[in-house]
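Two complexes, one shared chain (chain A), two partners (chain B, chain C).
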Partner chain A sequence: MTGAFFLGWRYLAFHKLKTTILVGSITLMLFLPAAVRLLVNDSATALTARADQTPLVVGAAGSPLELVLNALYFHAEQPPALSYDNFSELRDAGLAVTIPMYTRFHSRGSPIVGTTLDYFSFRDLNLAAGRMMGMLGECVIGANVAARHKAGVGDSLVSSPETVFDIAGVYPLKMNISGVLAPTGTPDDNAIFVDFKTAWVIQGLGHGHQDLERPQAAASVLNRSEGMVTANAALQQYAEITPENAAEFHFHGATGDFPLSSVVVVPPNEKNGALLRGRYQNNAKGIQIIVPSSVLNDLLDTVFTVQNYIILGLALLSLATVAVITLVFLLSQQLRKGEFLTLSRIGASKTYLATLIASEIGFVFTGSLVLAAGLTFITRQYALQILQIFLGF
Partner chain B sequence: MIELSKIEFRYPAAGGFKVSIPQLAVPTGECMAVVGPSGSGKTTLLGLLSGILKPSSGSLVMDGTDLARLDEGQRRRFRINNVGQVFQAFELLRYLSVIENIMLPRYIHGSATQTSAARDRAARLLTDVGLDARANAYPSELSQGEQQRVAVCRAMLNQPALLLADEPTGNLDQTNKQNVVDLLLEQAKANNSTLIMVTHDDSLLGAFSSVLDIQSLLADEPRREDLS
Partner chain C sequence: MSRIRNTLLLTLLALAACGETTAPGDRPADSEHRRPLIVASNYPLYFFASEIAGDSADVKLPEMAGDPANWKPGSAEISLMQSADLIILNGAGYEPWLGWVTLPESHLVDSSAGFSEEFLPLREEAVHQHGPQGEHSHQGVAFTTWLDPSLAAKQAMAIEQAISRLVPENAGQHRDRLAALSARLETLDQAFRETFDRLGDQPVLFSHPVYQYLESRYSLNGVSVHWEPGEAPGTRAMLALSEILRSHPARLMLWEEEPLETTSVELRKLGVQSLPFHTAANRPDDGDFFDVMEVNVASLLLNCCGTTIGPQQEPE
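Moving on, here comes the complex of A and B:
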């Protein structure tokens, strides 16, 4: 019967286009539902794992989901800003470790996360090279950022303007890389971490320039009056913070009004957590306090419902595909009556002919199964990267 | 030696059309042409000789084996090993190369070790018919004359004792007709096979050692014209 398998194989190999279409259809029929389920499950696991590690998030009143996505995954959508005074109030309450987050800016597609060193110990992030940021203007980059930009300790990254013609807005600050984080497989790999005050400098709330009291800056002084010096455009402004000019960087306005995106709150026990939640219940003071895992569970309930609809749709599509494939095989057998008659006249039995047809079906389904399994394996291997590409997590 | 005695065959699906052959003997190595009008039973005779059809009664003995007493599986094995067939429309499989088409009988009934030997034999046959350079071509790339030569090679693969050809020249021009007949006779002679060829073309009869008029065969006294 090996001859029947050989003939089956040769038939499929000769009709390459037909075979490819059949194998492709069956592969997709098998692969798509598996891939959807895999990606949804993996994304749910990835989402909930990070959310489960984050006890509470505080932000300005608004969409809880937007706040969670921004605070945990540095998602581009900006929740309403929280003031630094709000953060100070939380911190001064002494009920929990409070970690400020300011995630408004980007550098070449990577989010710049303004925070404090507490963030690294909270997320258990370790350095692969260098040291943590020690001064204004320094940054620590995630493993993927280092790979994507081929950047390391001693290199620098420049913050991107928010719009092309952003003259007065975001300050294009050159940030020196002091450290590179070890990979974690989390959104932290894709982030550039700076002190939150550096993020304020990027925003233009703080800046550095020549000291107008020094003789070298005399040419830039337009007017001196009591308590106020007016400078002209010749005044040298710094686009990079260095040890030499760091002291000349300063902030204008009331720091308490400066913005933050959110605050990650880590209470030491249930009681403190409950106290904090009670304090900001019903969006008191225009502030919301949320448990990220419960927000994401609500989202995932919706995602799983959608997933079930998609799989149902794919199942119906698979039924249609099976019907079409059956029709193709039956029509093919009709067209091959002459061939089967020849084989029979030469000496092929009915069993031989049945084996020939079965081998063709077997090859097509085995090929499809192997391909679908391979694609599913690749999807599983690269699920995280796929999710990062499509969902930005 | 092939001996048919009191053979009867009835087509169940053709209104009970019956073919009766009282007596026929064909010596080993004979090259016989079978003639007769359409529907007179020529193809039925070839079907009986090849074992595709089983006679309702009588005996059909070929080299000591009575095909009338064999079941379908046994007749099929007998056919594969002892009978080569050349069909009118060549009937090459379009998805097999020339050499694979010639080896088809081995693919249907043979082992892996036999396949290797069969490939050597197929290559030799192709050289004999001048198609060795076309071994890997597909039938659609061949002329009709070349296809017919491949069909003859396929029939000769197992060095059959009996070579049956059912109007193999029906679709060919005069030159190719003569070439195919010459090839069949040459291969049959080289292999000491008995050749029985059905034809409507009187111009080819001179090449055969005997001619059988199927109409006379179906009468009580079959007329066989010995041309040798």
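Moving on, here comes the complex of A and C:
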């Protein structure tokens, strides 16, 4: 009987093109629904996990989804800005721990997340090396950022201008790396964390320069009248914040009007959470307070609906594929009548011939199954890179 | 279309999250039971917090040379504050380093936030101009709030509330200690009032603009100059003072620290007696906050408020 398997294997090996097409078709038929389900389920699990860990997010009135994407995943699309006064009001209410977030700038493709040290406690982020940022201009980087840029404690990163021609706009700021976070498998691995005031410096809302009252700055003084000093263009502004010049950095304008992207709100109990939600019901004061998990659940409902349509489509395609493959095998039997007659004449039984055909079909399906499993495994491992290539992100 | 794009983005982001499966590392060994750590930004706050907390917490005042209002924390002090469970601030612009130091916001306690409407504006405004922002000034409010014992009591109350939130099981003890502290502050207030009442409406000079709350609380008729105790004032400053004395004939100048002997002599020539009135902003060499204030009161009573102040004789 092993001869039938051998003959079947040799037949498939001889007809390489036909075998490849058959195996490829069946592989795709098995792989595609599995991959779609895998991607959607894994995405849903990861998204829900991070959203579930984030009780409330406050932002300016606008798209709740954009707000969640920005606050939780540091997505580049900017929700409308919240003012620092809005944050102060929330904080001073004393109903919850409030964590300001300002995610607008980038450095070599990695988002710069302006926040406070409370964020690290909230997300349970630990240092793999170094220490937390201690002053303006220092940053703590995620594990993937460290690996991608081959950067560590003591190195520095420079913020990227928002546009190439933005000469008068955002100032590139050299940020010194004070610590590297341990990997967490979350978007935090891909972020550069700074004090939110550092993000304001990047935006140009704050700057540092020589103290005009000191004699060393005499050459930079254009005019000095009673109670007022006017500087000339020679006034040296600092492009890097160091322990020596940090105290010279200051902000102009009303800090209360300075922007933030969102505020992560962590109430100690449900009662405080409900009180806060009541305060900002119906986008009161132009501010929305959202529960990230419910925003994502709404989205995931859509995702699962789309997934079901895709799987239904793939099932119909699979039926068509099975029909075509059946046709191929039937036609193949017709074409191989002479071959089967010869085998019968030299003593092959009907069972032998049936085994031969079954082995060919079995080899094709087994090979397809193995390939589909392998592709599914690869998809799980490298899905991010694959999507990056095809979606261009 | 936008929803589909967001869906794709979410998938991508979620996959980024799925890529790594390493669990978050354990926090540094912090499991051993330790008392909460409280750090204060000046001595009065440190003293109030120590008095209220008792054994509930370790209260620390970072090492600061000179006036804490001019303090610039170094990396060791920043680390200390970052590790603290509470960071007690005076507020009213007393901690300019908050603008460039990164601290956990949820651990900050602004002890004067509850009476911000009582802040006194600084009379001087340093206006300067550079760059496209144009003319601007770094104006602010007076920050030595603790020199008014009634405001100090409010600060102590804010500190008690923060400590009791941190160690709720000892809240009763904290309230008792606050009551004792408030009573002492009330006594101090009474002592200040009796002392300054003797001064009446006599014009007074302040070596530095740090006595605004004292001036306001006890209706002192004062004018501040900008003199450093460790530096000779110089001719220009002396001329300016003479000008001030024409309209404000003060016979007493209160100093944060004992001035140079030469300065005292120069002032005596103008008929002005120098007298230290310590703000106790930094840790005193001897005694505690109330000891320093009692010395201030005793010194005032002994040197001026008990007697008529007149032009001093030149020392032979």
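Everything below uses one rule, namely that the second predicted complex is superposed on the first by the 353 of 393 C-alpha atoms of A that agree within 3 Å, B and C clash if a C-alpha of one lies under 4 Å from a C-alpha of the other, contacts with A are read in each partner's own complex, and residues count from 1 in each chain.
One rule holds for everything that comes next: a contact is a pair of C-beta atoms (placed from the backbone, for glycine too) under 8 Å apart; a residue touches a chain by one contact, two chains touch by 3 or more.
Predicted model, so just to flag it, every value in this text is computed and none were measured.
K.L.:
Determine, under the contact definition given at the top, whether A:Gly347 touches first (chain B), second (chain C), both, or neither.
P.N.:
first
K.L.:
Examine A:Glu339 and indicate which partner it touches, taking first as chain B and second as chain C; both and neither are also allowed.
P.N.:
first
K.L.:
Answer with first, second, both or neither: which of chain B and chain C does A:Tyr11 touch in the superposed model?
P.N.:
It touches chain B, and chain C stays clear.
K.L.:
When both complexes are superposed, which of chain B and chain C contacts more residues belonging to chain A?
P.N.:
On the superposition, C touches more of the residues of chain A.
K.L.:
Once the shared chain is lined up, is A:Thr98 touching chain B (first), chain C (second), both, or neither of them?
P.N.:
Touch partner of A:Thr98: chain C, not chain B.
K.L.:
For A:Val113, using the defined touch cut-off, is the partner it touches chain B, chain C, both, or neither? Pick first, second, both or neither.
P.N.:
So A:Val113 meets neither chain B nor chain C here.
K.L.:
I'd like to know which partner A:Arg50 touches here: chain B for first, chain C for second, both or neither.
P.N.:
The second partner, chain C, only.
K.L.:
In the overlay, answer first, second, both or neither for which of chain B and chain C A:Thr2 touches.
P.N.:
first
K.L.:
With the touch criterion stated at the top, can you tell me which chain A residues are shared between the chain B interface and the chain C interface?
P.N.:
none
K.L.:
So in the complex, which bits of chain A are touching chain B?
P.N.:
Interface residues on the chain A side: 2-4, 6-7, 10-11, 13-15, 338-339, 342-343, 345-349, 352.
K.L.:
Quick one: which bits of chain C touch chain A in the complex? Just the residue numbers, please.
P.N.:
Per the stated touch rule, the residues are 3-4, 6-22, 24-28, 72, 74-75, 78-79, 82, 96-97, 99-106, 113, 124-131, 133, 135-136, 138.
K.L.:
Looking at the complex, which residues from chain A come into contact with chain C?
P.N.:
Touch residues, chain A against chain C: 39-40, 42-47, 49-50, 65, 69, 73, 75, 91-92, 97-100, 116-118, 121, 124-126, 128, 131-136, 138, 143-144, 182-187, 189-190, 195, 197, 207, 209, 212-213, 220, 227-231, 235, 237, 241, 243, 246-247, 249-253, 296, 299, 302-303, 306, 380, 383-384, 387-388, 391, 393.
K.L.:
State the interface residues of chain B toward chain A in the complex, per the touch definition above.
P.N.:
50, 52, 73, 76-77, 79-80, 85, 87, 91, 93-96, 100, 104-110, 112, 138
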